[in-house]
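First the structure, then my questions, so here it is.
To keep things simple, chains are lettered A, B, C and D as they appear, and every chain counts its residues starting from 1.
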Amino acid sequence: MSTVSLPTLTAKDLASDQEVRWCPGCGDYSILAQMKKALAGVGIPREKIVFISGIGCSSRFPYYMNTYGMHTIHGRAPTFATGLKVFRPDLSVWVITGDGDGLSIGGNHLIHAIRRNVDIKIILFNNEIYGLTKGQYSPTSRQGTRTKSSPLGSVEHPLRPLSIAIGAEATFVARTIDVDINHLTSILKRASEHKGTAFVEIYQNCKIFNDGVFDYATDKSVKADNTLYLEHGKPLIFGKDRNKGIRLHNLDPEVVTLDGGVSVDDLLIHDERAEEPSLAYLLSRMVYPRFPECMGVFRCIRRPTYEEQVNSQIEETIRTKGKGKLEELFASDDTWVVK
Amino acid sequence: MSTVSLPTLTAKDLASDQEVRWCPGCGDYSILAQMKKALAGVGIPREKIVFISGIGCSSRFPYYMNTYGMHTIHGRAPTFATGLKVFRPDLSVWVITGDGDGLSIGGNHLIHAIRRNVDIKIILFNNEIYGLTKGQYSPTSRQGTRTKSSPLGSVEHPLRPLSIAIGAEATFVARTIDVDINHLTSILKRASEHKGTAFVEIYQNCKIFNDGVFDYATDKSVKADNTLYLEHGKPLIFGKDRNKGIRLHNLDPEVVTLDGGVSVDDLLIHDERAEEPSLAYLLSRMVYPRFPECMGVFRCIRRPTYEEQVNSQIEETIRTKGKGKLEELFASDDTWVVK
Amino acid sequence: MSVSPVESESAGQQKQHHRIEELESVTIRFAGDSGDGMQLAGTQFTNASAVLGNDVSTLPDFPAEIRAPAGTLAGVSGFQVHFSSRDIHTPGDRLNALVAMNPAALKTNLKDLEPNGILIINSDAFGKNDLQKAGYTSNPLEDGSLKNYRVITIPINTLNRQAVAEVKMSPREVDRCKNFFALGVVYWLYERPLEATLRWIREKFAKNPAVMEANTRSLKAGYNYGETAELLPVHYRVPPASIKPGTYRKITGNEALAIGLVSATTLAEIPLVYATYPITPASDILHFLAGMKRYGVRTIQAEDEIAAIGMAIGASFGGAMGVTGSSGPGICLKAEATGLAVMTELPVVIIDVQRGGPSTGLPTKTEQADLLLAMYGRNGECPVAVVAPCSPADCFTMAFEAVRLAIRYMTPVIYLSDGYLANGAEPWRIPKVEDLPRIKVTHPTQPNSNGNGSAKFLPYKRDERLVREWAVPGTPGLEHRIGGLEKEDVTGNVSYDPQNHEHMVRTRAQKIANIANDIPELEVFGPKSGDLLVVGWGGTYGAIVTAVERAQRKGYSVAHAHLRYLNPMPKNTEQVLKSYKKVLVPELNCGQLRLLLRGIYFVDAIGLNKIQGKPFLVSEIEDKIAEILAK
Amino acid sequence: MSVSPVESESAGQQKQHHRIEELESVTIRFAGDSGDGMQLAGTQFTNASAVLGNDVSTLPDFPAEIRAPAGTLAGVSGFQVHFSSRDIHTPGDRLNALVAMNPAALKTNLKDLEPNGILIINSDAFGKNDLQKAGYTSNPLEDGSLKNYRVITIPINTLNRQAVAEVKMSPREVDRCKNFFALGVVYWLYERPLEATLRWIREKFAKNPAVMEANTRSLKAGYNYGETAELLPVHYRVPPASIKPGTYRKITGNEALAIGLVSATTLAEIPLVYATYPITPASDILHFLAGMKRYGVRTIQAEDEIAAIGMAIGASFGGAMGVTGSSGPGICLKAEATGLAVMTELPVVIIDVQRGGPSTGLPTKTEQADLLLAMYGRNGECPVAVVAPCSPADCFTMAFEAVRLAIRYMTPVIYLSDGYLANGAEPWRIPKVEDLPRIKVTHPTQPNSNGNGSAKFLPYKRDERLVREWAVPGTPGLEHRIGGLEKEDVTGNVSYDPQNHEHMVRTRAQKIANIANDIPELEVFGPKSGDLLVVGWGGTYGAIVTAVERAQRKGYSVAHAHLRYLNPMPKNTEQVLKSYKKVLVPELNCGQLRLLLRGIYFVDAIGLNKIQGKPFLVSEIEDKIAEILAK
């Protein structure tokens, strides 16, 4: 390949020369493949793309992309991405993180990146386990999960990644699944197009330490009844026969069947552009088995990004007061001359 | 005072011998006074009370209470409290933190303490500024706040402490104001009585670096119109003439006036015990000037605490398998005898 | 002195038509793909050897990836066993025998096999594809490149399949038994009894009779194959070692550490709270302790390392023994809170299982490069006690010591283990509980002063060792506040007074220095003075002691001293150092202890430094001794 | 050589009926309640003295509380000015004069006043209540306890109120001017011109004519009161110093640092990204830089110190100069990420404005106890460059150097300032921009290898100094990945190879060692060999050089060398150290540089250590020199 990349980029061009070393059957493979596909489609030259990760199985991701990349330290990837993006708004900056990396040690950086609305894409591979350290429960593991560090079952209440992101008022929030490759690709593309922090949770199967935790959402025989694919402006309908929906009872969502007295008009309508994040929050609280779990874009609004504002303060100052000269800076306090 | 403390404790008994060193006029004084009052009333002996703080003006608090106390490091107070409480469920453990301490450097520990539902009381003094380091903007400062570190106005979107706490599914969430001394006392008492993590945000005036940011909620002439005091099971009514209320329009709250077509029955009813936190979340999103800001208990539900579960796993194991002997532990792998 | 294996059935029906040669020691390594069960084979072999009465020392070598693609170099997993009729201290320098289950295992391990060493190869795994995955361009079994070894090629897959043909299992399950076939061959080769392993199989697979049966058959088939196929004209016997009488078990450093913590706190009659965040190679400590609920151990998997140490300190404030453990990157994160524990003078044990650095470095490899971090990695003058075990079993003793010192001196104690000690194993002579020291914990219940009339508790009043009292919440009348701001002497109130600060800085330093009165003197192995002293610390003990012993046998005037207490060092350290003409400090770093010995004792120590993520070979130290003394 | 104040009006109508005495140097301290405006008074006095041509050196002393209760000991704020007709280097040991605005200020500061020193007291603030707040049981103005000083009591509140009676202001506002009254008195006492301060008042209060008028009147009234009240039979003159010609300004260490960073990056033509989290005494760096938007400086107030360094490194990865700053507790938190910068070999400057430790310690006081933290406070073998400015103005130079070395060697550079340097001020001779060195930044745009046919970028290919290239995202064809796992030499791929690890550890060490070829040699002040060398580092420079100068004048064979580069140290360090019979290392810690000099160069250095949160007095070092050389 020559040094000039044009939109003719293919998924293969995005593969680095490093051997991929996840376990056979790991969900990470699919995410990698879909990422290449998605990015090949969006027309950003390869050299303008940067992947930044923390530590974990998922965080090996940057090594496998033939873009710029940085495999940093545990939990801190959003900070590196923020520092980079602040003065390099020209780059497409992606953060790859896991449920441990992003929500255990790194929870605070996640919230603050989201709050600042830095224009970075945060992709959280949620396998509900610590993979790289060989299988301890994570902050998203369901209560009662038995692992080496919780032989009698974990006692901690899991965090819902999207609830946390919405609590911090993320401007873009979405969820998808490793094996649903078309949906995954489309969500990654939408994240890429969003201006501001995009937070995407991907349900990812860890073959070795947590195999099958998402079977309810991926198994062909049941997934239609256990998931609900959100579409902007459309009512919340799901089920194998698409005859079930979500209605609001006060502030509580309620599963209803579309025969009998309930009609489509009674259902909640999805509005990803709602200014107030309460709807998105409510959707993020729907958890299997009581509810189908929502997939798709929960929220997508526009708010000025951090770097836009930082840089515009600088440009505005320079425009109105002129670019600074060192001579002026040196003399910015009373001076006197010794002859 | 003798070494046996009985419910005869008075607020004065709870004062330590250290000179209080906040700035004259600081809101912290009132919180200290109300805390002593509240604790004098709940009947916990003084030696069973522990105050643990991070770093900040607010975090000097433990020095002024004649209880056990620990002034730790910046942002980490909840971790010390968790370690203590896990095997000392007999103690009443309070965490004192600020908006910088608790939400900037310490945001992650806050979320995780809340998620675990450790039975500690987290009191966050929100003055929307870093007091101790002399006045930089904080994660709760309103956008555009001019400080030494943001001479042209801060560009960061503020966090809403209660939204974050609810995002992490706190079992007790409340808000009050430094100068509303009766309400403050009653909220502190309720926090004390809650079993599980109680998260309380107190609007606190920093006289020196952020004087008056909460005037809209404390100034006699306007506060009734800008705040709404929540009561369980009651409709959301507010205003000087108590003729305004909050109605739900889809998922958006809406301010309505109680004359004309709207009646009390149309209003949202507060339910602090709702299992799903969506209502509490929605209330936490109501921000002046568009809405009155809610005061009181947003949410109060019972969920097993972390230490209850940790200790019951231990007790259960000992009950069923017997208390361990070192001899057995030593021989927990194949042994052989050399003669 | 004789050995009585716990189970006393005799060791199979040995026909003994081969010549048996007696050896003093043997080092063997089992190497294969991560999925080949090499760790298990090695462990079983170790157990069998220990039960037989040999002294043993082992070292696993994990791949860095969880499960790298099968057959690749990155996926090779190894387990080395050194067994002997003498007292041994290391898992062995060079291999006398290597089992290679596939080409990748052969490629990565062959360099460690001695010339004419025994090389057992699973020839079924040397197809074109397998060779390619391992990067071979020609087949080593055919191209003559192995001619300097005693190669035993066995079609293990084939033979194993035949052996278990009658058991109803999937082909995949069948192939999973092949490690037992290989093990059987090696048992024959070194005349090991099968009983312990057969019993293990019975117990482990009690609920899965097919697997139990298959593994049993595989093991026996391997053994019999060895015997009947006349693989080699000889096989070997390593007689029992003369070992101190007692009951033994095999123990890894991390196990010994966990058991040591529980023992110390049980005898001190205070709860153990272990708060940590997983990290290689320290995670197993959590795994072990999480299983010890019967001992009242509370484990907390914290959100990060800062939280973990905060929880440990919080627990200690309440009267528990707070312990936290991590490896280098996590230890960095604990620095600030360690300082708080120094200022508040609370006991806390901080375990650093060192790994290759800097940064994320080589997470699965060993190194000793955190010593100066432990000594100085905090802001301000912030002394803590530092101890370091010297062998897997010593991890028990030093864990006990860490708890004892933390409580007795109200101080953080940093415990420096490393990846080699943590995962390496050796026999541990099980102590009698009544022989273990009791750790005395006193929580005061009464005020300690009646200065101006009314009784008062002064939290920073000290005893003659300069140690303050450990008053815990819940005690009426002793309410007090502590924190990270400088404390006024005696009262513990916040103080910005210059003289007080100097006094407190020096007092904290002196308190740690006083520990020297409470620890054993530095022992010397060898002459009390002479040409050369070799000084080590931590996991290099085995290699150094072996090298020094050999050098002594060659007539060199050389002694060995090993520092298990690094801050403070034993009282006689300076005197010991200055009794030799030269001092050599072998370390798996760039010279950290060396800097301390020079800086503190002004001794012109020479360094021997290796930074390869691997322990010293005995020969490396031996050569250096010879080189120095030749001058 | 003569001095021309920027504004040349003559200094008031001095009647000069008092005797004028000429002094070489004077040290005066303004002390009062936090609300009394002492910092401002001190600053104005300093400016006036500098403009007059004196050499000046100043030191503020803030209370730890934001605003402790008025009148209490905790609320006392002080500002010390040393001004001289000679070249001076410290804010002075003992006070020749003290202004005490209230009893608390008197109580906390009196011990520093020399016998027979001038003591100006605001007698209006000595009511019963005031005395009690300061813990006085009797009134020092009356009980004879001040008899050893030349006490000047002035009812400043009363006189000041009279002076501004005609200005329309609230009583509170009126009283706020009293610092200017006191200042006026001192201006008279030391014959300072009023112009500079009057001009400052005009500019500062341009929008508030009443305040402008009041302050003007207060200052003049104070001056005239001094003159007419015949407070003392003499007043003093300190003639101009003979100072190197040039344009000067007064500068604090933190200001100089901020300006230095901006200068270096401006001349290097790369953006400066300063990411930090507020902490005393480093916060002002952020405040200064946040105001420099015209210079394109991006400041980020991060959520914590870990985030801050992450952002700085991220910025550097993108081609900016990433800088982060903190103090001890925050520096601890940066350790792990510093290791990543070492492994990824990216430039980053890490500023540590040291304060009293350990833990939260004494946040507003100075100390030098983070040197070993800077050297060793990371896991693994993790060398970084370390520099330390030696005076407030030198903060400019060393900031420039830190940026230069970080870029030129693709490495983290730790910059050790301290509370004393950060807040202390001295005149700075403003450099000509064209005289400043240019820092060359090269971002490659082409692959650097065509090994096997196709052009390729090898991120860890090094030049002769062992430095890799700084390729930034956005450059087509140079896409590459870096991270914290050990890197393969040249390619930068992840590598677990033992030999490669050793090679890389040694290469990283050698790269840092190579910096010694790029920095000035260690200069010696005094004889090139002799009885004693005094070696210092950081903010002790002024005290040491003054003490050594005095000792030399007394005839001692003593020299001074000051290390501004601590890792690596200058090439000739060993040779310099070994040219003297003895070596003395004065430090505001327990002997950290001393340990390094002994450990690295095997020099039996003696320590002089002070840990009181305060700088050395010149006399303390002088005495120690005399003591050593007397032996």
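The definition used in the following text is that a contact is a pair of C-beta atoms (placed from the backbone, for glycine too) under 8 Å apart; a residue touches a chain by one contact, two chains touch by 3 or more.
Note that the structure is a prediction, hence the values are computed from the model and not measured.
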Tell me which of A-D and B-D has more C-beta pairs in contact. A-D
Taking mean CA positions as centres, which chain lies farthest from chain A? D
If you average the Cα atoms of chain B and of chain C to get two centres, how far apart are those centres in Å? 44
Where chain B and chain D are represented by their mean Cα positions, the distance between them in whole Å: 40
Counting in whole Å, what is the centre-to-centre distance of chain A and chain B, each centre being its mean C-alpha position? 29
Numbers and ranges of chain D residues touching at least 2 other chains: 293, 303-304, 329, 336, 339-340, 344, 359-360, 483-485
Which positions in chain B touch two or more other chains at once? 55, 71, 73, 104-105, 107-108, 112, 139, 152, 310, 313, 317
In the complex, chain B residues that touch chain D: 19, 21-24, 55, 57, 71, 73-75, 104-105, 107, 130-134, 136-137, 139, 148-152, 208
Okay, in this complex, where on chain D does chain A touch? 1-6, 47, 50-51, 53, 196, 200, 243-251, 255, 259, 262-263, 266-267, 271, 273, 275, 292-298, 300, 302-304, 306-320, 322, 336-337, 339-340, 344, 430-431, 433, 447, 455, 473-485, 493-494
Chain C contacts chain A in the complex at 65-70, 72, 74, 277-280, 283, 286-287, 290-291, 293, 299, 301, 303-305, 329, 359-360
Contacts from chain D onto chain C in the complex sit at residues 64, 327-329, 331-333, 335-336, 339-340, 342-344, 354, 356-365, 367, 369-370, 372-373, 375-382, 483-486, 496, 498-499, 501-502, 505-506, 508-509, 589-590, 592, 594-596, 598-600, 602, 604, 610-614
Complex interface listing, chain B residues touching chain C: 2-5, 16, 18, 45-52, 55, 62-63, 65-73, 76, 79-88, 90-91, 108-109, 112, 310-311, 313-314, 317-318, 321-324, 326-327, 329-331, 333-339
